[in-house]
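Reviewing the structure listed below.
Chain lettering (A, B, C and D) follows the sequence in which the chains are written, and residue indices restart at 1 in each chain.
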Amino acid sequence: MTRFIVRRLVAMIGVLFAVSVIVFVVFMVLPKQNPAQTLAGKNATPGLVKNIEEEWGFDDSLPVQYATMMKKVFTGELTSYKPRLPVDDRIIEGIPATLSLAVGAAVIWLFFGLLLGYLSAIRAGGWLDRILTGVSIAGISIPVFLLAPVLLYFLSYKLEIFPNAQYVPFSEDPYEWARHLILPWFTLALLSIGFYSRVLRSNMLDVMNEDYVRTARAKGLSERKVMTRHVLRNSLIPVITLFGLDFGATIAGTAIITEAIFSIDGVGYYAAEAVKKFELPPIMGVALYGAFFVVLLNALVDIAYAYLDPRVRLGESASE
Amino acid sequence: MKKLGAVIAVLVLAALSTIGLAACGGGDDTSSGGGSGQKGGTLNATYASFPDYMDPALSYTAEGWTAMADVYIPLLTYKHANGEEGSEVIPGLAEDLPKISNGGKTYTLKLRPGLKYSDGTPVKASDFPFAVERMIELNSGGSPFYLTIEGAEKFSETKKGPIPGIKANDKTGEIVINLEGPRGTFTNELGLMFVAPLPQDTPIEDLSANPPPGTGPYMITKSQPGKGWEYERNPYWEKANGKAMPDLPEGVVDGAKITVIRNPQSQVDDIEQGTYDWMQNPPPSSRYAEVKEKYEGTQFRVEPTISTYYFWMNTQEPPFDDVKVRQAVNYAVDAKALERIYAGQIVATQQILPPGMPGYEQFELYPHDMGKAEELMKEANPSDTDITVWTDTESPNNEAGEYFNEILKELGFNTQLKIINADNYLTVIGNATTPGLDAGWSDWFQDYPHPNDFFQPLLAGGSILPTNNGNFAKFDNSAVNKKIKELGAEQLGPDQEAAYKDLDKEIMEEAPWAPYGTRTLSTFVSDAIDLESVIFNPTFGHYLSSFEFK
Amino acid sequence: MRDSTNPGAPLLEVTDLVKHFPIKRGILIDREVDQVRAVDGVSFRVEQGETLGLVGESGSGKSTACRAVLQLIKPTSGSVRFEGREISGIGRREMRPLRREMQMIFQDPYASLNPRKRIGQIVGDPLKRQGIASGSELRRQVQELLERVGLSSEHYNRFPHEFSGGQRQRIGIARALSLKPKLVICDEPVSALDVSIQAQIVNLLDDLQDEFGLAYLFVAHDIGVVRHISDRIAVMNEGKIVEQGSADQVCENPQDEYTKKLLAAVPIPDPRESRERHSGSVQ
Amino acid sequence: MSTEPSAERGPWSLALRRFLRNRLAVAFLGLFVLIVLFVLAAPLWADNVAHTGPNEEHTVEQITVDGEKKDVVTPEGKPIGPQWFGADGKFFLGADGRLGRDEMVRLMYGGRTSLQIGITAALIATILAVVLALLAGYFRGWVDGLIARTLDTIWSLPVFLIGLALGIALAVGGLKIGPLELSSGSIWNPILVISIFTVPYIARPIRGQVLALSEKEFVEAAVAQGAGPVRVMFSEILPNLASTIIVFFTLMIANSMLFEAGLSFLGAGVQPPNSSWGTMITVGVELLNIQPLLAILPGLMIMLTVLALNIVGDALRDALDPRGKARMDAALEFEAQGGIATGQQGATA
């Protein structure tokens, strides 16, 4: 097990390294942009551009620039261009908002996803099942950047049921915190609700056909007990796996569009701002932060799997 | 709109390239303190984005200038008034306007006595050269304005002071500035925040997260880049500065809290619902008509700016090296259509200088006439018709670009439209190595109300640069170059204004651009605020000190 | 009972065949800490037209030995000679012509037939691949083979899932025979089948041996089945051959304790099978 | 996979029969066909009914509705609403925004782009994923490790950020990777981004299946008969992946369309003046309070298409592999990653 975990972690570092190189290449090398020219502003003289190049090291060779940037990542000195402020601070400041959004949405999608999945599984084939299946697929099919403004426009502006989002820190006012987050939570959760209910439904149907469930029934356990104790419990394992991966992805950046539309100043919001300004340091910071969460939760899921299923450990590759 | 964050982005229009916003506002020239409302209260306001920097030496956007106008006062400043009256340069920390001698090369000013920064430090004459040096050392985008100061150019390379062209006497408060040559715009430039004096222990680094003390009626007490910032009254205004500068307003509200809300739709909702008192940026195009109709005169006011929106054509390469082709394009572009595309937020013009700028006088060389355009095209019969058309991603500029693209297609060109991220746009089209710079969209907002600020950077042959080029049309006409240079050295007067007017026409006859309008911005406040008293200055935008609750 | 003392060069000669699976440990770099000795120094020969039975409990290394002989897995050491030629460790390309000569019948008739292929393809592919026949000639040959193994030529276009286990095993046999090999390795060909079907398949194999002059390496865990078809028997336990000799000799007079145990485990045959077995042995 | 025509009872015909029994799925297949016909009819509608092309602007024009003149775009920038047949089919669904283009015509042409991107990207991603999965699952060892880590890396990249950067890079200078030359505005840019970033979602589950299949005896049988690795992978294993691949492919079309919408929303997808449903939503969202239909119509089209493809994909899965639990899990896992990824997941997808 130790060996598996250590290898998985080493692979993780490799992946993060690759992510950093790709982000650097895509944002620094391919666009053939000299950030100094953008920074110098609309009235720039060649001398000013040169000074800025020297100040930021844009005149160094690309490998040197990459090395400098990665050194700054590790020493926490990564600085955005405009304004010239530490990237770490902004990311750390953004985490509470992003976590609030992600955790709240996750609670909602798990609760409703499992509830709907359970209901449609025990009524499999019935009209309720069909309706729920239809609804969940429809939920998956709506682009979030359409759903969010529509919800905001109708529920917040037209009907004034919810406040215009924006993040109110929990420490400041827990009630307002929740009230402001309800719309974004549901927006983010909606797709996952549909998806999780489908996963749970299909797992439950599979489990219901297993021998031990029949045995349990034969023993005379009530249908509800059979369902909750045996079927549901055993169907949850893959759901939890999925949840690990999804949750990582959500913290990592699922929320970019949601945060931007609802003006929640989390990490995704910062990423949106950085991309708009096309500034490499914050983009690098956010990309590594995001990749770290994705890779970490992937690894955790793999390790959990390996723990549950030793065959995986014997496999040559640690990816499954 | 093709931006991250999206709904969001209509916004920043101004923010991006705007500097200084003009007024000339609806005839109702309310000057400071015109209202009869309550003193005190905290203004709860929103900006659509955090300023580029919250450091007076670095900020070069409308948001930044608006945010800091009542915090950092330069030696000279602009009158706290709407419209043309607001274009007037008045003494700030200096006792009087500069004495100009030595053939326009020497500027002498005297600091008012008894001034203090918001932390209690007394203001010294030598704080001015310190501020100039700090700004140059920080490689500020504003530094090119001040490189004509003797020795400043060298200082910018070596970063070793002092700059010999500035002499400051802390005892007498006298400041003498020597320029390498006469510069007609220098008085205007002394009124910009780039050179607002700062205490000499101010660190030479970007202080956006922790703005340095200033001399204005308000001070920034908290700044969270990306999220917002807060103001309180400067305790030394009442004790010292207010008495020393009685002609500057003391401000009505006790403080302000600014929240950045990137979604302008939300901003409008919030103002309508009274959650916030004022939004700095205009409502998004889609809400503009509705807001204007509902609130004009009570909570909403249109604010003209000193800006020109135009399509440029590369005059040095085919097909646009032929003046007939360029004139054809001018006839073909329909400013009426563009007014609609901007949802009524531009006013059609067909010349380089916008209304509100000294030297502006209206003329219309190319009334929309598609037949004439086609005729000219036939005469010119350009051989190379494959062109690339450029615009940025901000709505409605992207739509204006699409419109221009379609017009050029109608004229028989084979076009390819390229839409570039707004924050990179100027860098991309200002870089000579970018392939296919044939024609495209651009705009220009004044840095300060002086016509030279349009001609020199945008149309002088000397401004054609390999990178950060501002003369996108690559217009290089020796007669025009000479006139720009001569006029630039002179102080602005009626003769000069007339000469600028002729220059405007002379250039438009060559048609390097197809200008189509001047932008309007707006003041939009909640019903708790007295709209009458709010001042929108052409250079600094809304003054915080002018807001008051009803 | 055929005469098992057929003189001449052995068709297959396996000497000291070893297959070890390493057990690797190590946090980052693998070190071999131990090994599973699946086949641990096995030697046997199969003569032309002869059947060698290889018995042992599951896990004794029989299947691994078969695969090592066919070079489906790479032997750790030892020699495998086919018609006197060393084939252990030779490349895939050199091995390819020899594949014609040695074929295999698999234990699981469900897993050994590709469910997405038609019977005609399954049986005919080897012919096509080796360039022996194509077009209508291929079809004719395949249909003939199908009939020979007791299926109908109409089965040509069917898919495996339409057949019973016994029929499938006949398909597997047809596939193995399509290239007219000299040696067929039968890896527990009947253990997955019903007892009644087992006899049919074994009889079929027996008949085919006569007809095509095949040699079998017949692997099974049931010494009863092996005894019936084999000329000689080798008994395998824990990767080693513990006893080897003529079928009668091993069954009637086992020397090794393990062989005795295996013989004791043979189920009491039902009357019909015993009859068949009897009649078989009389042939 | 069959080389012979008579296949009454082959797995494929059985699957077809099972599929046809699912009436809901058949109905949605019909819907999908209708959508395809709708977008294919674009030139017909443009030439004969609307009399305008998808990119033709009518900003300052007026149209006659029931004898009354109406602005296509009002001076305040409000586009005209749906006219149905009030203006003889012109502006059937109104104008698309302040440029005054015909919404109906753009919706039809935009659908073409969206479907084209969806199908092409899905095809490329599926092919790439299957080849990688075959290599990884068959050869294992370091090949598998390398492929798995590459997929992990792609998985961890902030897709939308990268799409955006690529958009800028392409607009400025174009991009040359070997023989492949990309320029801005080409729909190959979103196609490429989408296919590369969705490969992991398909390759992972298929790799697992290849692992399981390559343990099967029929693979050994093929090797015993002299089949080389290529033949084993493509002739023995691949046919057994067919049902999974078909299911993934349908789901991937849906996913790619949502993904394209997301990219276009960020300005990294289809470039103006051309339209796709994604770009139309983007324009429409901005005008939500003036003409809500402009955002909702293309959104509805995407939703219906995705819905239809999802239901058809589901039914195909059931029909092709009624007892295939493993495959079902794989497909579901794929959706967990890819399904949500599309258009929604920022950093990971």
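As a convention for this text, a contact is a pair of C-beta atoms (placed from the backbone, for glycine too) under 8 Å apart; a residue touches a chain by one contact, two chains touch by 3 or more.
Keep in mind that this is a model prediction, so the values were computed, not measured.
Asker: List every chain that touches both chain A and chain C.
Answerer: D
Asker: For this structure, which two chains have more C-beta pairs in contact than any other pair?
Answerer: By contact count, the leading interface is A-D.
Asker: Comparing centres built from CA atoms, which chain ends up most distant from chain D?
Answerer: Chain C.
Asker: As a quick test, compute the distance in whole Å between the mean CA positions of chain B and chain D.
Answerer: 44
Asker: How many Å are there between the centre of chain A and the centre of chain B, using C-alpha atoms for each centre?
Answerer: 40
Asker: Taking the mean of the CA coordinates per chain, how far is chain C from chain D in Å?
Answerer: 50
Asker: Give, as an integer number of Å, the spacing between the C-alpha centres of chain D and chain A.
Answerer: Distance between chain centres, rounded to whole Å: 22 Å.
Asker: Residues of chain C touching 2+ other chains?
Answerer: Residues of chain C touching two or more partner chains: there are none.
Asker: Return the residues of chain D touching two or more other chains; collapse runs of consecutive numbers into ranges.
Answerer: Within chain D, residues 160, 164, 168, 172-173, 265, 282, 285, 288-289 contact more than one other chain.
Asker: Two or more other chains touching the same residue: where does that happen in chain A?
Answerer: Counting only residues that touch two or more other chains, chain A contributes 31, 33, 145, 149, 153, 157, 256-257, 275, 278.
Asker: Show which residues of chain B lie in contact with chain A when the two form their complex.
Answerer: Answer in residue numbers: 3-9, 17, 49, 52-55, 58, 60, 139, 141-145, 147, 153, 156-157, 205-206, 208-209, 224-227, 259-263, 265-266, 269-270, 273, 275, 421-424, 426-428, 430-431, 447, 457, 465-468, 470.
Asker: For a test of understanding, state which residues of chain D touch chain C in their complex under the given definition.
Answerer: Residues 1-4, 6-7, 9-11, 216-218, 220-228, 231, 235-236, 239-240, 242.
Asker: Considering the complex alone, what residue numbers of chain D touch chain A?
Answerer: Residues in contact with chain A: 24, 136, 140-141, 144-145, 148-149, 151-153, 155-158, 160-162, 164-166, 168-169, 172-173, 175, 204, 207-208, 254, 258, 261-262, 265, 278, 281-282, 285, 288-289, 292, 295-296, 299, 302-303, 306-307, 310-311, 314, 325, 328-329, 332-333, 335-337, 339-341, 343-349.
Asker: In their complex, what parts of chain D are in touch with chain B?
Answerer: Residue positions touching the partner: 55-57, 59-60, 73-78, 97-100, 160, 164, 167-168, 171-173, 184-185, 264-267, 271-273, 279, 282-283, 285-290.
Asker: Please output the residues of chain A touching chain B within their complex, sorted ascending.
Answerer: Chain A reaches chain B through residues 31, 33-34, 37-49, 51-52, 55, 82-85, 89-90, 93, 145, 149, 152-153, 156-157, 160, 163-166, 256-257, 260-263, 265, 269-270, 272-273, 275-278.
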